[in-house]
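Worksheet: one structure, shown below.
Chain nomenclature is as follows: A, B, C, D and E, assigned in order of appearance, with residue numbering initiated at 1 for each chain independently.
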């Protein structure tokens, strides 16, 4: 029979333009599981979407409540923005004992939240990424940068960790100023950044939100011609938008050595999704993890899912990459053990935390070139 | 249909809606919605005081609600000793400096006059500004850098969060008094822009003054005025109770928690409602409506229009502030990012007008109904979409497109319902009494 | 069969009826005056004849055409002009623009008419550029009448045109109204300066609580002691 | 009682009041007449605190009341009516009157919430008084109608009625007569005289109906172009050439053509 | 001298031109709002989404045109598609009026009821636009992007600092000016324009003057919708099209309309620039400019951090209104 999985993301509101991709990827994973026919002796997973609005706690809680108590989902993939995620964890997931796997909530506050181990996330927390990005930028021996981050907990936390790391590494940050997503005009921000100066502009935002607005404005006014980007800024749409004016831009995204991400990219493209849009990989992994955990637990009991989570996500066991879920399901079916790597090289270090490796890229003649993995 | 009948029927209908949700979806959901309905009702009651009674055009509701929310943090969170020792002194000094500046300014203004006065005031202000910054900036950076990832702010007073409801009201009232002093007694659009501005400023402040509010990093884990589900689930008496009632402890625990919230909120609403009704139907209310109808005449008939405007503006905002604090309490966290005009200003306005401005019962009903729609529009919209696409075969591109677009049925539906209600009750569901009703 | 006639008009503003089978008529070139206590329904009767509230019974005839169903702006096109009792000027528009609006339906060149209005009310010429909202009460009244004259109507309906105008202006106004009437225009007006009005009226109506109490020539009504006592202030 | 010294009120270029000085004796009924646009209403508005004068001072007794707000003046017993009726349209006629009296306990929320009995008691008195006024103005049948729905004249009556709700020292009436039925106007005249004689109100009234002025007012002040033209008894004023020229006129030029068409009685 | 020129260029490039661009964009939006308010007497919250709607149609047509291989050379193809977009928006506006607002006009409802109805319309358009084109970023700008590029400017002048002028900005500014003058003239002097003002002043009296209210309303919506589309398209050409952003534009647009004097075409322009420039100038860090002028500031010399830009623009508005309570140009009461 059917097993429902909740997918709660901000389908309306400030992040509405990236959530369809995320939802799609998650459903892609579920579909893959269903098609394999191996899932819990022939049961099928049914995604149920709900709108977190990204900012309206009250509405998000109500939506989640609906998923859990009305739709009776076995687990939830989501939510996206940390604020609503925390709200849902506290008021819905934990009280009702439902596993929640967020693909994009990166706030440190989620690390030590009272979650009875029901909360997980596939997006690594920002602390690590700050260091990696520092390494990358320093490796081009650039020692003075200006930082523009999206004005929410993701951007803020990221910028904090980056600035700390970068200065520790002996570089100077001329200015670290926030930008609000979805605003009409960013000339004021860019004006300030330009005045502060710096060899490159580090943009820690979202590729189809304010981040790209900042870059466009910076390029137009000739304020900066070189950029370094955080994970949120990775995406084909960036190149489409800016063309060759951002040649030589460097950046990092969570991503694994090996073909995991590539495989996911193929699968996503095949399903008509843009694999490079923000958090698609993480979303796929989040959903996949849920399915695998069920398989491991051999049931759709909410608590059982929780307990199986870490085992399927981490070593020991056979490594399972994206678009290869059938294999994982099979192994689990035969009582084997797996270590899910997925699209973004997931590693859950204790509930609520994810460690990950990062892919360093540079934009050369209009496409992302992988430099190395860190 | 007389207003009394309307009240009975419409409130009855509203109750039925909520029960229906309980029956067809789930009781926890129904109660979750109810709690927000209660809070929204209080907000729209506050706005109704300003618009319905006195015709004050306040589009800064968001700001006052946010101030209430801030009170939640300041009252209930435990203080952060580290942060205090890092920058407490500095903040204290800068506050002193502020008070001092104002004090001196007032003193000087008292002694001087004319251009000298303005110049002196200006000079003092400028000097004061730098003195304050002198203490303020280092203190702030010290506080914000103290364990930035986890705290990085001063924390609160560690008192029960219930108190924050009162404090929230006071905060909002204070802000309202300030705005009123500047903006009231002038044109309607002037007040509109001023309130809009002040609310934007308040939000900007909360998003960026991390030393106080933790800014966009949000403050989560506010203490609750009621029990935690998880504890209940472990408490023996509770498990027994639920077994006796024959409900499984888990869902019963959430029902129990939400019920206790509902109780608290309902009490507040009832008290406010009683006060509001008494006020509106008294000579005071009569005077307010007179002022609303014709300022000049009211002024000529000896009513201190500006003073009264200030009074009602402060009162209404205080009520909104209380609601704001209650909302933060319910969320269990304070997220400055969530305050946006659509949700916290215009939606409230819709509640007031759809419910029936000038009529407390109407405003409250509006709060209930509109919030209900706001939440239920999503599942219904999705359902509609599935109905629409049901006919097409699964591979049909149109169907696929529409399936992805399902979330956008929500605003669509919200709008349509709103328009329909307004269409059939142009003066609001429970309008202000008509001439006929006035006849005794 | 009069030129403009409201026959047995019955109706109100949605609530209770204000008019009770009340009949008002005026001939081409004639001046008809309606008098009566406050709240008698005079203005209501005027509005009714101008199609600004719907009648439950009765009909309105212009010439020998039934115009009961016509909308106000169509009645304007049919040659009726109306000066309401209250809010009868465009306060945000200049005096001149107010007059131009009066001539809105006229396609021909109306500068001569405007000139006539200006020499009827010299003060308006002075204040042509000033927003009507800034005018004094009496000046507004003059603008209102001027606006109606601009339409060059075949029937001119005036609701208390002389309320608040100084005696001299009132006289000139009545003079002018006589001239206008002499050119064959039918004139129907409500007046509280009843004696002066009836003095120039060919026909007078006394309305009380929405129904005709007296109908007679101007002089006759002025002569009638009962009318004098209870409606014209002795 | 009221003294106005060399008052100027300018709106941009327009000199609405241009150096007017008048004196209103205690206990008098002073008439104020003049051509349209002479500055009468503006003068009222300045005295009643609606405009700040460009220059000049207004004295109440020997107190300088220039630039006080209307409600402060109200407390000093100075009332006024509006030429263009300012009713409270969503209040009933009765409520329009009942809201007037000053310092009603019911206007303080504390009393409303804590001392309802006190409030109720005062309400009764006020209501009683309101009903008297309504009776007197012959508008009982619309007492519970929204003031917005009144007829033009009824609104003017309401304007006057509001001033009768309190014991005023001095009342400024701006063309209460305009649009009021003459018979009723005479009754109003009687009332004004009675208030003046019995309660000792001082009145200052703008009117264009000379008979009415003649009956009530002494002295009569004539304004023109923002200045005081002359002042004197009604007869003197009526006889004055300037006044006739500027204001009264000489009656109709063309006599109505006598036609012997007559309606039926 | 050189230093001074550089300072000037920096200022122009980072403050003046951006301010000008944003200001003109806001102004065009504010024009529509102010017109609807001036004539129909309510603040139309659906304006932002009407902009989005008109722009959406223009975009679809643009894509089709490009698909057919039709372009305008250096100019963006969207300008070709614009008329279609306008027609679409006008049709939509008239439809909405017919279905929604007309009813309240007949009812003589209070202004606030219209406002709330417009909020309802806003939600609906919101949904429709996303249903059709989705919530994502859409770019439809082709042709030249720059009139003057930074590099080009440097090479030409040999100054250290560069200056960029974008083609869409130039178009926007020009269009804004033309439209305002035209609209002002139309309302002030044309017969229909006067009729519209008369209608907004006193509806009943307008009837008595033989003015046809339906025509007035129709004309108003036609102009408003056209303006909305033009504003939306020009904005989208310069930045990019995303429904949510268009909704977000609503607040600054309203601010501009009010501060300029609601109901005043010229005011809309003035208001737009006040808002834009207060945002940019107050949050700009003047370090570079001062350095070129020979000072050595140690800080960034930034009056306010950019977080406060939106808020501060409102403070400015309040200040302006304190000095001129009726707005820069004498507007009417909301």
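Definition applied: a contact is a pair of C-beta atoms (placed from the backbone, for glycine too) under 8 Å apart; a residue touches a chain by one contact, two chains touch by 3 or more.
Keep in mind that what you see is a predicted model, and the values were worked out from it rather than measured.
The set of chains touching subunit C and also touching subunit D is empty.
Path length between subunit A and subunit C in the touching-chain graph (shortest route): 2. When chain centres are defined as mean Cα coordinates, C lies farthest from subunit B. Put simply, the C-alpha centre of subunit A and that of subunit E have 36 angstrom between them. In terms of their C-alpha centroids, the spacing between subunit A and subunit B amounts to 32 Å.
The geometric centre of subunit B is 46 Å away from that of subunit D, both derived from CA atoms.
Annotation for subunit A: residues 12, 16, 20, 151, 178 touch two or more other chains. The set of subunit D residues touching two or more other chains comprises 149. Chains touching one another form the pairs A-B, A-E, B-D, B-E, C-D, C-E. Of all residues in subunit C, only 50, 52, 71-73, 76-77, 81-82, 84, 87-93, 97, 100-102, 104-105, 147, 151 touch subunit E in the complex they form.
The residues of subunit A lying in touch with subunit B in their complex are 11-12, 16, 20, 24, 49-51, 55-59, 61-63, 65-66, 69-70, 81-83, 86-87, 90-91, 94-97, 107-109, 112-114, 116, 127, 151-153, 155-157, 160-161, 178. Every residue of subunit C that touches subunit D in the complex is listed here, in rising order: 13, 27, 30-31, 36-39, 43-44, 85-86, 123, 130, 134-139, 141-142, 159-160, 163-172, 174-175, 178-179, 182, 192-195, 199-204, 214-218, 220, 229-234. By the touch criterion given at the top, residues 11, 14, 33-38, 40-41, 83-85, 138-139, 141-142, 149-154, 156-157, 175, 178-186, 208-210, 246-254, 256-257, 259, 261-265 of subunit D touch subunit C in their complex. Against subunit E, the residues of subunit A that register as touching in their complex are 12-14, 16-17, 20, 151, 175, 177-180, 182-185, 187-192, 194-197, 208, 212-213, 216-217, 220-223, 237, 240-241.
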